[in-house]
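Before I ask anything, let me first share the structure, which is written out below as structure tokens.
For reference, chains read A, B, C and D in written order, and residue numbers begin at 1 within each chain.
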Amino acid sequence: MSALYRILKYAAILLWSAFVIAPFLWALTTSFKTANGITGGPTYIPWLQYQPSLEGWRLLFRSGGGGIQIGGPYLDSLIVTISASLISLVLGTLAAYGLSRFTFRAGFVRNADITFFFISQRIMPPVVLAIPFFLMLQFLGLLDTKFGLIIVYIALLMPIAVWVMVDFFNTVPRELDESAMLDGCSPFETFWRVILPNSKPGLVVAGLFCLIFGWNDFFFAFTLTFTQTQLLPVAIVALNSSVTPWWSLSAAALVSVAPLVAVAFVLESYLSRGNLAGAIR
Amino acid sequence: MSADRSKFVFVLPGLIVLVAIILFPLLFTIRVSFSDWDVARPGLDWIGATNYLRLVHDTRFWESFGRLALMAVGSVLLQYMLGFGLALLVWREVRARRFFRVLFLIPMMTTPVIMAVIWRTMFHESLGPVNDLVRLLHFAPLPWLSQAGLAMMSIITVEVWQWTPFMFLMLLAGLLSLPREPFLAAAIDGAGPIRTFLRVTFPMMAPISIGAIIIRLIEASKILDSVYVITSGGPGTATETSSYYIFIRGLRDFQVGYAAALSFTYLVIMAISLTIIAKVLARAMLVRDRA
Amino acid sequence: MKRIKKYTLLATTVALALGGTLASAQDFKKYGIDKDVPGACSYASMSKKDYKGRTLSVITHAVPVMGEPTDLHAKQFQELTGATVNVVHVPFGDLFQRIMIPFQTGQNAYDVLFYGSLWSGDFHDYLAPVPKKYLDTAGMKDVTPTYRKVATWGDTMVQYTVDADRNYLKYRTDVFNNPEYKKKFKEKTGHDLAVPKTWEEYDEIANFFNGWDWAGDGKPHFGSAEVTKRDDLMFSAFIDRASAYAKNPNVKGGMFFDLKTMEPLINTPGFVKALEMFVKAKRYFPPGGDNFGLGDEIFSFGGGQTLMSYTWDDAFVQAMEPTSKIRFKVGSSPLPGSHEVWNRITKKWDHFDKPNAPAYVTWGWTSAVAKASKNQDMAFDFLCFFSNEANADHDLQIGRFGINPYRNAHFTKSFWADKMGWGKTVGDQYVDTLLTIDRSKNHVFDLRIPGVNQFMSSMATGVSEAMAGQKTPQQALDDVAKEWKQTVNRIGVDKVRAAYANVVKLEDNE
Amino acid sequence: MSLVATELTRRVDGVVHLDSVSCVLERGRFYVVVGPTLSGKTSLLHALAGLDAPDIGTITFDGADLAAVPVWSRSVSMVYQQFINYPHLTVYDNIAFPLRRRRLAHAEIESRVRAIAETVSLTPFLERLPGALSGGQQQRVALARSLVKGSDLLLLDEPLINLDYKLREQLREEFLNIFSAQSRSILVYTTAEPNEALLFGAEVLVMHEGRLLQVGSAQSVYARPATATVARIFSDPPMNLVPGSLDDAALRLGDDVRLPRPRHFGPLPPGPYVFGIHPGDIAPNPSGIAAEVELAEISGSETFLHVHHAEMRLVAHLSGVYAYALGENVQIALDGAKLFAFTPDGELAAAPTSGG
């Protein structure tokens, strides 16, 4: 490897790192500003360029006094996201195994078409689904409840689980299934005793994708709730008033990404152990 | 139970749950698209294909498709190339690669609607740091959000920032799972890095690439939050995409019937074009594999 | 200046949560209220109510504007009456659909709604009329006639007035009073530098003070900050500019439509002229000024970047914050007008020696109780408590609350000069500006008809297309007119006319 | 007591995997299926195991039709060419896996696992995970797992192909010992290497393009291949085939090579034939025909010498290491007594007398 190549390589890595990290650094410094620290033009260094204040952070945890209490929504978001992800993962994994291992034919419909049907659920823009989902949950009496949101999120997340897991199972040698069946396992036992225990990388990736997409949904969390159930993104945009509060939104951005950074570490550790080999394909 | 019957036990629970959740909204949307549900007239009357006839002449809708195509294809392509590049950079021996890998993944974890606000403040032409940087490089401040081309670029930048990690993850995982033998063979043949990439790496990465691109295209086509926050479709209609236009018609204007017709048309067009894109990609990328 | 005593409030809240006892009327002091004003809605009256075990659902704007006072008074109401009050905060852009979806699907989602009064044309069917008991309260009777009208649909009051808004001109007094600049301006333009009375003057001044450091802080400063982001509140900014040319006090029967034929007037020369001026105005906007949301406008003028601005009070309040660099350097005045006003009857421009400057009653926050609510008694009690004299006086003093004078009592000059600490110059001028607008005989109201958002979003798109150079102003507004006509037909000519008649009645002072 | 396959046919997406394959497999016997890649060996095993149902044809075991019996209820084991084990289980649990599915008593499982582990020399590794073992050991685990059940049908699909040469020899040896102890099972072993079949000395089934070409003992197939195709498949390197003709006195190969008519051709009528000779029966000899060296591969202690004489290409299999330069001229002796004769459509017409 030539020296020039090395230099270029590290330069590229550092350049991209700077791009990735810039919004966070900007959010970090902005979160300590007040209107005065903003209106004079871009400033970066507290004390030197602007007088820092904790107001942006306080707003996230205060109630009654112009802030939002982020704790409840945080918890609600966790409950809804994790439940929906788990259910999607279970159903999606089963379906993906079926689609990966057996042949389905009905008219012109093949396995690939069924897989595409699952994924195609994500094509519909959420805007349109707002009213139908509203009516559906109204009929079920589940508006403004966590359970209602979980149901809707299952429809949103299961396609992702199916997609990741079909690709994952396609990389698991079929001979493993055959061996298990020859050793006396029914298809379900094969799945449960042999395939599932060896699918951790796939499950981790599918599960984490579900978590990411679920955690960051804004639209349904917003449309299908009133006052009882509030998820994190909805609670945070409640700060977005006529005067866009750069400070508290910045703080909120940093707070909301925190649990998912843990997710990034989990993902990475799977990558590094090479366990993800074949987890995504 | 035979293997033939047990296959349904795997697929049906998920399929049934999904259909149960999605069927009503889908059928309802189709039904509403034949109604005149409007802000002043809620309810399901029947007006035939009126909404669809109106949509045919709605140049704003069709123009928004063009912009969507540009935005989605442009940003996904960039994400793919950058993601691939980054994955290649931190694939093999690099100092602190675990740190960089985590770092590169993080933007994907952020909530788009909130990050869009942060980005808008970054692009703020007089109060944001982007133009500060431009000034530092001794250029004139640029109208990031108020000039058509740049506004489009700004939105694409945000999309690239947020979703390149997705491509990066998929492609890095793919690279890490590649067998070593073909690379050894290429090395023995004396192939340089570029040749190795074109002849070995890229073809082997084709299947995963197609999957990742299709998924990203689906997601990118729904772009709404960032457009809304960053430019709200402006200047003029320069950054108005299909789903944003549907949003304006459906939830701003509350033309529920018309928006349903728009969406159903959108759904059909997207399903068809994605299928075609998937086929074309498969042909383009997999043929090279055999060559 | 009295600001809310946050820490006391926080401490009491905690104490109350622990103690679980109802607050007594005497506790108002801990909320930063100087004194309770006796009446049906007072602290004393509320503390006698017992709403234990009942829940009130409230939807309101994001904090702090309207959202923070909602939170504050909800908390107080909760403590006084034992009710549980759940509040959800929604950004302005999403507020309409959040309220409309439950309305149209028959879902009883919210008891109390805070929203922009321009939507009353869409919402009125779903709102409970304000009961007589509340109409008779002293507080309600003191609301200025203009805002009683805004709250009324037909003959019924369906909205509970908690705020009043208008757009007015804000400018930098330090610049306008600077002798050196006055001289320079005279040399350059041949006119005396004065607060603009017409949009042409506004244009000239803004252009003169654009792009150089007239504030002496080493940075370039700019002429004007205006709301130009398409789906933000740009439609109000355009109406601000267009009224001067299009609202002819001598022509009755509608400014946006000809009430008789329901033909759109949006592409008549008055509007086109305003749009041409608006497009031209781009040259004296600060960088990015072609895509400013309200928040950007507030930061721009309130932060001292621009010489002038016109919208709601927020930018003015921001400029008058105690920590502001331009405190006491700002002034207010009614919006500029025009000497030439289009007469759609004669198809000619009428000349006015004194510029025609209609006062645009720019919607403003309002509140209402849902017809479907099962807690209407409690809901109206909450609104009457929210707006009781003591609370209103308190809320007016906190700029970020976004609550502005709507009762005759609020137009007391000493209140603004002393209590707000704005001093006599700024305070008196502010009150005068507001009074002029309120008492004007030449009002423009929002297009409070069904589907108002459809009309406004068509208009904003057209205006934005012209601003971006995609279409000429005439072309853009012709297209808007076409769309308006289709929209009117779709919603129903008679339905729209009936609603618009209410608006025209107010504008024509009938 | 036998497994009878009748006219098994299977196509997948228009590609023929099995073409009317019929065979009878007896208990306690060892069968080796020989054929090149994609000849249908694996398809045959899958069909016999019940993993893939044939489109046409039946399989009966001791007279009972197996069609309705799902795989997991059959008494079949299989060892794959990839080392297939359960990665999440220890070697012990891997071997015990099929026994546990049959709900055998704990002690019974323990004793059987330990016994089989001893047989395949895995006792020291019982607590390891398969991933931590070498390829040979992994394949032993797979073998142990398939043996421990004592299935009626034991299928081995090229189990040694992914191992290096030495390990292959060693394991092959062990297999032979182990298999000879399996008196009640039917063993079916596939391989692309005829030598393996010869070493095992088993019953051979030669497959090509989905069809079963010849069945018989390894020696008999080697000595008398039914067709030229079988001859090529069942010879490593493949048998040299040279078109030529025969008259009463002489035999012609190509354009200009004449050999005296071999005695073992007996009363074969004159005419065109394809003559075959095993590479091992060709050797350089100063009195032979002139040829030019195209390639000399040295493998272990053997040399494969590729030469051509005009259009005639031959491969000679020499034991010992010899150095030849490319393009070097050599003389090659063709021993007429070792020649096979096939009719132009490939049927065996004459074969050398065995041992000759």
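In this text, a contact is a pair of C-beta atoms (placed from the backbone, for glycine too) under 8 Å apart; a residue touches a chain by one contact, two chains touch by 3 or more.
Small disclaimer: the values here were computed from a predicted structure and weren't measured.
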Q) What chain is the most remote from chain A, judged by the mean position of CA atoms in each chain? A) D
(Q) Comparing the two chain pairs, does A-B have more C-beta contacts than B-C, or is it the other way round? (A) A-B
Q. Quick one: chain A and chain C, Cα centre-to-centre, how many Å?
A. 39
Q) Which integer distance in Å separates the CA centroid of chain B from that of chain D? A) 53
Q. Counting in whole Å, what is the centre-to-centre distance of chain A and chain B, each centre being its mean C-alpha position?
A. 15
Q. Of all the residues in chain C, which ones touch at least 2 other chains?
A. 94, 97, 105, 293, 296, 299-300, 303, 305
Q: Two or more other chains in contact with one residue: find those residues in chain B.
A: 3, 126-127, 131, 251, 256
Q: Any chance you could list the residues of chain A touching two or more other chains?
A: 38-39, 41, 130-131, 135, 181, 186, 237, 240, 244
Q: In the complex, go through chain A and note every residue touching chain D.
A: 173, 175-176, 178-186, 189, 194, 197-198
Q | Of chain B, residues touching chain A in the complex | A | 1, 3-4, 6-11, 13-15, 17-18, 21-22, 24-26, 28-29, 32, 82, 85-86, 89-90, 94-95, 98, 100-115, 117-119, 121-122, 126-129, 131-132, 161, 169-170, 172-174, 176-177, 207-208, 211, 214-215, 218-219, 221-222, 224-225, 242-243, 246-247, 250-251, 256, 259-260, 263, 266-267, 270-271, 274-275
**Q.** chain C contact footprint on chain A (complex, rising order)
**A.** 34-36, 38-41, 59, 62-68, 130-131, 134-135, 138, 143-144, 222-223, 225-228, 230, 237-244
Q) Can you name the residues of chain B that touch chain C in the complex? A) 36-42, 60, 124-127, 131, 141, 143-146, 148, 151, 228, 231-238, 248, 251-256
**Q.** Complex interface listing, chain A residues touching chain B
**A.** 9-10, 12-13, 16-17, 19-24, 26-27, 30, 38-39, 41-42, 44, 91-92, 94-95, 97-99, 101-102, 104, 114, 116, 118-133, 135-136, 151-152, 154-155, 158-159, 162-163, 167, 171, 181, 186-188, 191, 205, 212, 215-216, 218-219, 232-233, 236-237, 240, 244, 246, 249-250, 252-253, 256-257, 260-261, 263-265, 267-268, 271-272, 274, 276-281
